[in-house]
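In the two complexes that follow, subunit A is the common piece, with subunit B as its partner first and subunit C second.
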Partner chain A sequence: MLASIARMIGRRLFMAFFILSFTALIVFLGTEVLPGDALTASIPAEELQFYSPEQLAQMRSELGMDRSIPVRFLEVWHQLMTFDFGTTIMKKESVATRIFHPIVNSAIMAGLALVVMLALVIALGVLASLKPGGRLDNAISTTTLFTYSMPDFVVSNVFVIVFAVWLGLVPAVIFAPTNAPKLTILAAAIVPVIALCVHGAAYQFRLLRAGMVEALNSDYVERARLAGIPQWRISVIHALPSALIPMLNATAYFVAGLLATSVVVEAVFKFPGAGGELLRALSQREIPTIQAIAFLAALAVVFANLIADLAILALDPRVRTRSSNG
Partner chain B sequence: MANILIDTRRRRLSDLFGSPRLRRALSEPATLIGIILVVAHLLMALLAPIIAPYDTSALVGAPLQRPSWEFLMGTDQIGRDYFSRVVAGGRIALMVSFLGVAISLFVGTILGVVAGYIGGRTDEIVMRIVDSMMSIPDLILIAILTLALGKDVSALIPVVAVVYTWGVVRVVRAKTISLSTLDFVRAAELRGETRLAVMLREIFPNLIGLLGVELAVRISSAVLRISGLSFLGLGISQPTPDWGLMVQEAMGVVFTDPWFLLLPAIMLSSLIIGVNFMVDGLSRAFGIATAELG
Partner chain C sequence: MTQIPHIDVRNLRLVYKTGPGTELAAVDDISFSIGKGETLGIVGESGCGKSSLARAFLAYTRPGARIAGGSVLVSGTDILSLDAAQLLQFRGRKAAMVPQNPLSSLTPHRTIGQHMVELIRQHNAAGSLTPRDKALELLAAMELPDPAAIFKRYPHQLSGGQRQRVVIAAALVAEPELIILDEPTTALDKTVETQVLDLVSRLQKRTGTTLIYVSHDLNVVARMCERVLVMQKGKVLEDGPTLEVFTQPKTEYARSLIAAIPKLRSDAKSAPLKVAVDAPVLSVRDLDFTYGGGGSKLLRRLFPGPAPSRTLDDISLSITPGSTLGVVGESGSGKSTLAGLVAGLVDGNGGKILFEGKQLTGLATSRDRDLRRRVQMIFQDPASSLNPQHTVEQIIARPLQIFFGMSRAASRDRVVELLQELDLDASLLARSPRQLSGGQQQRVAIARAFACKPDLVLCDEITSALDVTVQAQVLKQMKRLQQEHNTAYLFISHDLPVVAEMSDQILVLEKGQVRDYADTGTILTNPKSPYTRKLLDAFSTASAQAAQRTVKHVS
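On to the complex of A and B.
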């Protein structure tokens, strides 16, 4: 039993390693090999004409870009895997130092969003499943489909208009520097997190509701009902654990979506996070920074998925016995 | 006797229309509103050059005018007719999304059916690639690809195709696996039909409803992503009218003229809301599982 669980975790870790390596390859191909290269991409187009081909060739060899593609990929791969990330091409600043605070700030916001959203989704899922097809269920399902359809940048802007312009409750944009005390960052993250939840909770809610309806129709719940256990207790204690599984299976997809949305939300609220740093790096074509942030985003997704797999293992006894072949 | 028990029914396109299920779906107000919104948006996108009274990039009056009979929604910061721009603001995003999603459906269906039906090592390889691609947040993947392929509007088509293929593979593969165990597929295999024939004639026709749902959901998701990208300054650029871009431009005057922000925001939201409510209603009526919303 324990051995099979260990084997399963080992398999998942190996897959996580494979996925991250593949991600590094995609990011490398996208940023360094396709039209032009990291060097010509880093130099603004209007300045590029002042460089002679010899100068460019010399700069390339200094940066090691004249080596073959596989060698350069292995170097990038090694850097990413060891969290070294190298230095920026033009200014030679350490990428790790540059992005440390923005990444931590974004992690605070995304982590808070994750906790709030899970609590919200579970509460809504249980409420909706108390009477499937009832008025409350329909109201919650329709409302979440509606908020899910609202573009993330529209929701954020409406929040700015309502909370900052009309009500004057919070400043319209956040003026905290990236290295502000983390408590300040946490406070600044509250409104963006609500905006994230408005858009993001719906998808999770749908999966949980579907799982709840299925669980509530199963034999063991019927038995509990016949035993006279009250409905809310059946929903929370008997149905919820197995209903969480389809939702947890979609964790990777969900966290990836959350990170993508938070880039937009950060931009609207001027939150000092990794999203802003990514946009800056994209506009200045700072390849090593883009690679580092993309890789860390994928790492967050893979890590969240790993935790979700462990949670499923704890919730579903069938997976434990099946794990020898899956 | 055993022959009769073999389920050889296949779902055909003609079954989808004119059925009591469709009528039941249309009786739900949310579904009906969704369909009306989608049709209105498609008509507006198609007829935009006829509806729009002015050229979308022409400077036709003083900037930031109030709405009047001459300019139904006023003029924007540099004096372009806002109504013309709002009407045309979804065209490019819709067209790019449609073409990109069509490619991703084509490729994704082939990969998904092959992985699901052949199984084994093929399935393993395809699914590991799918898992990897889906671990990169789509916005970051799009940003990297636009960096590589350039910011031209036509470059967004392959970008959309690359981003949306993997979700299609997952959904199609899951459906293929559940179909593969059904009697009519087994019957075809026992008749000695080739794998290719089984995939094309037995499995594919049963995927059409699902693919219709996928098409609609992925297009609405792609429109959302492209406008988000334009909003961030990474997608469609000036002077092309685009709702995401218009929301971004309007942020500068949000304190004095919030309408400039709300109009394109309402247009974009109503399109996405329309698609999602339409798909939700129709797929429930036809029993197509849509756990995987775009």
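On to the complex of A and C.
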């Protein structure tokens, strides 16, 4: 059985290699090949007129931009795959140093969001399924339908108004610098995390509730009931693991979605994360930074999917034997 | 009989909600009582309310159902008025249920040990033992080989017979005074069924437990129960000693139920002459099959799994057009693999399969369209072999459109014709499989197979999931279809009387090897192998014991 799990992980890592290579290609094409080259985009428009075409050509060749596209792609690909993100074009700063703190800050926020979301969803899903169609279930289901239909930027702004402006519990924007102590970042992340969860948790909850209702209608739950097993054990130990399985794939999507939604949420709360850094790099056409952040985001998604698959293997012994047969 | 009865059911009424404001009574004003240590059988076709009644003994109704009146007294207490906490004390401790389908009734992600230990802890049933040792003791008492290994396994890793024993062991944890067995042997082979039933009756004799058997299998009830209740549409039609009900049924319904039991007849037809005359439609020569035998040799050397075991070993057989070859064997004997190989569901790895003298290539996907049309298969479980998202019309029309290029209008007429051939009403056209009864579903599956105008139909346990009366109908229709269309059948079942009834010739399989292969008459009267004799005994004792029990009752 261990051999089959190892083989599955091996297969997934092999696939991840191609996915990441493809991501590198897309990012490369999107940033370097399209009109308006990196150099002219990196130089502010008012300064651009002071450079002669010869100077520009000289700089391009220094930066290696005059080489053919495939050669440049291979270079970018090789750099990304070895986690060597190079330096920024104009200031020659190390990209890795620049993005380190924003990435860590965002990872803290995303990780916290994931933990809070899963805890919330599991608690609500189990509670709602105790009595499908009951008052509690109806209340939770209606609320989540409402929050599911709310876009993140609306939720974030409402939170700013409620928590910061009306209640004065937290500052409206976060002033912590990117390299602030991580505990400060963690504290600052709380309200953005709740904003991130409102939307994502709603969808996850609906999937979990459906899974719970199905599991609670199964023959094995009926047997447990008829054998005098108390309800909480039936819900948590017999039904929940089966009900989590359909949700987990969606959780991996949630992680992918976090990267997109956190750009919005970070902007609203001025959270010093990778989203803000990405926006800045985009506006300044700082191509190595964009490439690095995009690549790390893809890596996170691949990793989240792998974790979800492993969790499913842990929850369903039947999948374990099936994967060893084929 | 002055003591109070163990169980006293009074005017019990149980209804299902069928729509807004409408309800259907599954149990309709039933009263009876059961004495301590008595064995009672409750029989009737599916849908007669017997399973709903069985669950009421544990004060449980499925979602959508409710108890609309009456009471169920167990040792004098009305269990229907117990609160949630009292129910936890009652269920599993005073009374236990052995559920119908042991695979789906065990939590898939929990090991057998976890199931057992959970119950032992819940009911403080370990005594002086550790919960683990108590669980092992119970599993050993069920005569499960190597309880310690079973303890660690997941439900899907056990055989049907093993799972059945596990759910019985689970019911016995707290030594309840009442055990309800809901269709306890439906999923089992005849020989395993015999073992499981013997086991239960020995336990019952030792502990004096009251047993309620709910079953559509009258053989089982005749064998196990002193008294029998015949139910139809929520009412009790007959209630009396097993002998009386079986030999002098008072109602027409009970008479038809008893007449439908398949029996082994030694006067079975002998092989018809055409077997020798016609060229075979299917012949199989020296067929071998090993699971896990395929794939790369290098991979197998790198990741050595358990040694591949041979599922089929040197099988040879032939079927002439319009005749039936029956294949009998227990589960694991390789009979389904044989059908899968002929159907092209699995790729063989040795021997030859010839269809009208031409070699059939491996998988169905690599066969040409005409071959795929001419060899059809009908499966055991129509609920999972029919697409639940299609209507009956779409299901049957699909082969017509694919193989005969029929238009929608033309195919509709043909679908109606096919439904009529199987005594199904045209009003079912728009239904989905889930809205049909098990018997109707299987007949739709048969209609789909015959829509292809096949020359060979592979029938894999096609009546195992059906009630006896429905089974009798389906078998009759299969015979009629065979005569009308001159179709050959490869008829696979673990039920020897059914196979004997259908087949011109019988092949007996055990552990992938042919034990006997002859015409039906010879197999029934003069089998060569001891295995076939054992199989014949298992079936004839079932009916003989029923007779014996009745004799015992008279004296």
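Operating definition for what follows: the second predicted complex is superposed on the first by the 311 of 326 C-alpha atoms of A that agree within 3 Å, B and C clash if a C-alpha of one lies under 4 Å from a C-alpha of the other, contacts with A are read in each partner's own complex, and residues count from 1 in each chain.
As a working rule, a residue touches a chain if its C-beta (ideal position, glycine included) is under 8 Å from a C-beta of that chain, and two chains touch if they have at least 3 such contacts.
Since we're looking at a predicted model, the values are computed, not measured.
Asker: Touching A:223 in the superposition: subunit B (first), subunit C (second), both, neither?
Answerer: second
Asker: Is the number of subunit A residues in contact higher for subunit B or for subunit C?
Answerer: Of the two chains, more subunit A residues are contacted by B.
Asker: After the superposition on A, what does A:317 contact: first (subunit B), second (subunit C), both or neither?
Answerer: So A:317 only meets subunit C here.
Asker: Using the touch definition from the top, say if A:209 reaches subunit B (first), subunit C (second), both or neither.
Answerer: neither
Asker: So, A:146: does it touch subunit B (first), subunit C (second), both, or neither?
Answerer: first
Asker: Is A:19 in contact with subunit B, with subunit C, with both, or with neither (first, second, both, neither)?
Answerer: first
Asker: Can you tell me which positions in subunit A touch subunit B when the two form their complex?
Answerer: Within the complex, subunit A touches subunit B at residues 15, 18-19, 22-23, 26-27, 29-31, 34-35, 41, 142, 145-146, 148-154, 157-158, 160-161, 165, 202-203, 206-207, 210, 246, 250, 252-253, 256-257, 259-261, 263-264, 267-268, 278-279, 282-283, 285, 290, 293-294, 297-298, 301-302, 305.
Asker: Which of the residues in subunit C come into contact with subunit A in the complex?
Answerer: Residue list for subunit C touching subunit A: 55, 58, 60, 62-63, 87-93, 96-97, 99-101, 104-110, 118-119, 122-123, 154, 156-157, 167, 170-171, 173, 292, 303, 305.
Asker: If you look only at subunit B, which of its residues touch subunit A in the complex?
Answerer: Result: residues 30, 128-129, 131-141, 143-145, 147-150, 220, 224-225, 227-228, 231-234, 244, 247-248, 251, 254-255, 258, 261, 265, 268-269, 272-273, 275-277, 280, 291-293 of subunit B touch subunit A.
Asker: Subunit C touches which residues of subunit A in the complex?
Answerer: Residue positions touching the partner: 3, 7, 217-230, 233, 237-238, 241-242, 315-318, 321, 324-325.
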